[in-house]
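Naming follows writing order (A, B, C, D, E and F), and every chain is counted from residue 1.
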Amino acid sequence: MATLHTVNKSPFEKSSLESCLAHAKDGSAVLLYEDGIYGAVKGTSIADKVTAMGGVKFYVLGPDLKARGISEDKLLDGVEVADYAKFVDLAATNDKVQAWV
Amino acid sequence: MKFAIQVNEGPYQHQATDSAYQFTKAALEAGHEIMRVFFYHDGVNNGTNLTTPPQDDRNIVNRWSELAKKHDLDLVVCVAAAQRRGIVDEGEMQRNGKSAENIADGFRISGLGQLIEAGIQSERLVVFGD
Amino acid sequence: MSEQIKKFMYVNRRAPYGTIYAWESLEVVLIGAAFDQDVHLAFLDDGVYQLVKGQDTSGVDMKNFSPTYQALGDYDVTKLFVEKESLEERGLSIDDLMPLTYEDEDDDWAEKDSITVVSRAELADIMDEQDVLFSF
Amino acid sequence: MKFAIQVNEGPYQHQATDSAYQFTKAALEAGHEIMRVFFYHDGVNNGTNLTTPPQDDRNIVNRWSELAKKHDLDLVVCVAAAQRRGIVDEGEMQRNGKSAENIADGFRISGLGQLIEAGIQSERLVVFGD
Amino acid sequence: MSEQIKKFMYVNRRAPYGTIYAWESLEVVLIGAAFDQDVHLAFLDDGVYQLVKGQDTSGVDMKNFSPTYQALGDYDVTKLFVEKESLEERGLSIDDLMPLTYEDEDDDWAEKDSITVVSRAELADIMDEQDVLFSF
Amino acid sequence: MATLHTVNKSPFEKSSLESCLAHAKDGSAVLLYEDGIYGAVKGTSIADKVTAMGGVKFYVLGPDLKARGISEDKLLDGVEVADYAKFVDLAATNDKVQAWV
């Protein structure tokens, strides 16, 4: 079943993104929001682990990105910017939501 | 679609309740149903009517109360978690001999069964936490 | 109108005592047991520490809730999945955990293990099959 | 030796306030002075008198109140953090037009200067947080 | 009795907005500025994100407190140490941070940088020299 | 100056122990308490990082260890078990306390 995984913590502070990536299956979606948005940025020590997830589609919450002053051109290739409406939409169109709190 | 929301953290300390609010608002705007917002753990602290946040910041508690009024939302505070943290309605005040009640408008205190029921009856459960 | 049976999973990723999530999560499981859903518990990451045997909270003056896990079988909560890699990374094995059992009414009340140790990939599959995931 | 203690988290959710309590008690037993316990962030929630924890568990708020009474401790709740989270004494109740007060025995609400002062006047500051 | 001047350090290791620690820590710094201590701020780990320029919280409806860092110079809070390794691990450089300056009254009010980028080893040394460390 | 560093979070959940170890100087003490005690255990994926800190003395809070069912024979060599009285003593005998919260 298609799952929307959500990660709201910085990958440099907590291990939740790493655990999410270790369990997310091909075809699932991962939404990075709140401090989780730092996981979507290019050139970090965690970036390779994110880009290695070929079968997973990544989204990042735009309002959280802007709040933190991270411009969209800093995002890893293939990461799509979502707003809250899109977050709702992802939750609806996937079969369930798994929160990696 | 019918959503249920779970909030695990209190106001201001963590963004969880902000994100839950924005999600809930966006879902309602998209025409979805929010069958319940369940406040658990420190999330129960969203249900106090005693906050006075700075005037240049959002008022998290009032914002929930107003959204509930506008959309007839069911904002449920877990009773067991509320007893540990000091969120009290009139019934709890009398039952536990407390000096005051502090439950905010639009919130009600109820049992954990309301969370399970939300998991059963909603089509999607979305959890916001630390 | 009879309600459908859903696959529920309670996902436990936190150590006990440092925060209350583990204990209040268990309170949800106990209440939820009355609702006749198809209940699964996952213990991964620091969640595996919740099941370590020999917990004694007398020195920290907190409530020791670990005996409650042993009551889960009586509540028909019998599907506990513990992630093998999470144990190994923490230097733990199944022998470090409380033995949790239940009596199988479909098998002449034979005593059976509630805990199944699964690989990370297997746990990902089991999570994938759920209808509702509770996170704390 | 003169200690000051800072507590950043509320009761039950995090062990921080338990550890701070045990440290404070042990320091007093060893003959040290605790010149102030400063409750900041969600730590202010330790100062509510509205909790009713399960009878088989410790009562975190009462435990602080009793230790304060016994040793004449100065338990200070930060006013700015308290306003955000809904911890109210009589003065705050009147000033902010709140319907109730909920400050527990032995706690007082004061400004952040009390934390700075604690840093200056104590010989050791020990912080307990998340 | 005049009080001794202590070396105070506010240690910032958290990102802004996801939690309130960064903002309430800054409130302590502002109040503390009135006390005439020798004030230092350390930004390491996710704390370096607090100083990233261009923060715009309109979409999350939270208070944007980042302009307050720019007021620190007026409060004579001028010793801000940012850890180089923490920046690099996050793909950041000094150019991504807000320029923070102060006017040096001992140098004909020349405008000077408040931020000093230091190595992890240097920051460890600076921490080691402090009298009081505030953590949030 | 001698510093007592305190770490109260699991090294598998948060990066605070790692950051502490990267900044603790020779001659300092590190007290692991609450969920931080897991960093003092043998045979974990983090153990090598702890044992590599030759010039640092490690303590673990006994009451927190017992609460979590970790017996003392599981501790890394050289880690000393402390009670709350010893925690106070360490805070007093070092020049300051740095909390890696």
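Quick notes on this one:
Methods note: a contact is a pair of C-beta atoms (placed from the backbone, for glycine too) under 8 Å apart; a residue touches a chain by one contact, two chains touch by 3 or more.
From a predicted model like this one, the values you see are computed outputs, not experimental measurements.
Shared contact partners of subunit B and subunit E, listed by label, are A, D.
By the residue-number overlap criterion, the interface of subunit B with subunit D counts as same, with over half of its numbers used by both chains. Just count the C-beta contacts per chain pair and the biggest one is B-D.
Each chain's centre was taken as the mean of its CA atoms, and the one lying most distant from subunit C is E. When chain centres are set by their Cα atoms, the one at the greatest distance from subunit F is B.
If each chain is reduced to the centroid of its CA atoms, subunit E and subunit F end up 27 Å from each other.
Per-chain CA centroids place subunit A at a distance of 38 Å from subunit D. The multi-chain contact residues of subunit C, meaning those touching 2 or more other chains, are 17-20, 45, 60, 62, 132-133, 135-136.
Within subunit D, the positions touching two or more other chains are listed as 8, 12-13, 15, 22, 41, 54, 80, 84, 125, 127, 129. Along subunit A, residues 8-9, 12-13, 15, 34-35, 63, 83, 96-97, 99, 101 each make contact with two or more other chains.
Every pair of chains meeting the touch criterion is listed here: A-B, A-C, A-E, A-F, B-C, B-D, B-E, C-D, C-F, D-E, D-F, E-F. Of all the residues in subunit D, the ones that touch subunit E in their complex are 6, 8, 40-41, 80-81, 84, 111-113, 115-117, 119-121, 125, 127, 129. Listing the residues of subunit B that touch subunit A in their complex gives 1, 3, 8, 15-16, 19, 22-23, 25-27, 29-30, 32, 124-130. Residues 12-15, 18, 22, 54, 56-58 of subunit B are the ones touching subunit E in the complex. For subunit E in complex with subunit A, the residues that touch the partner chain are 14-19, 45-46, 49, 52-60, 62, 64, 66, 89-91, 96. Subunit A contributes residues 12-15 to its touches with subunit F in the complex.
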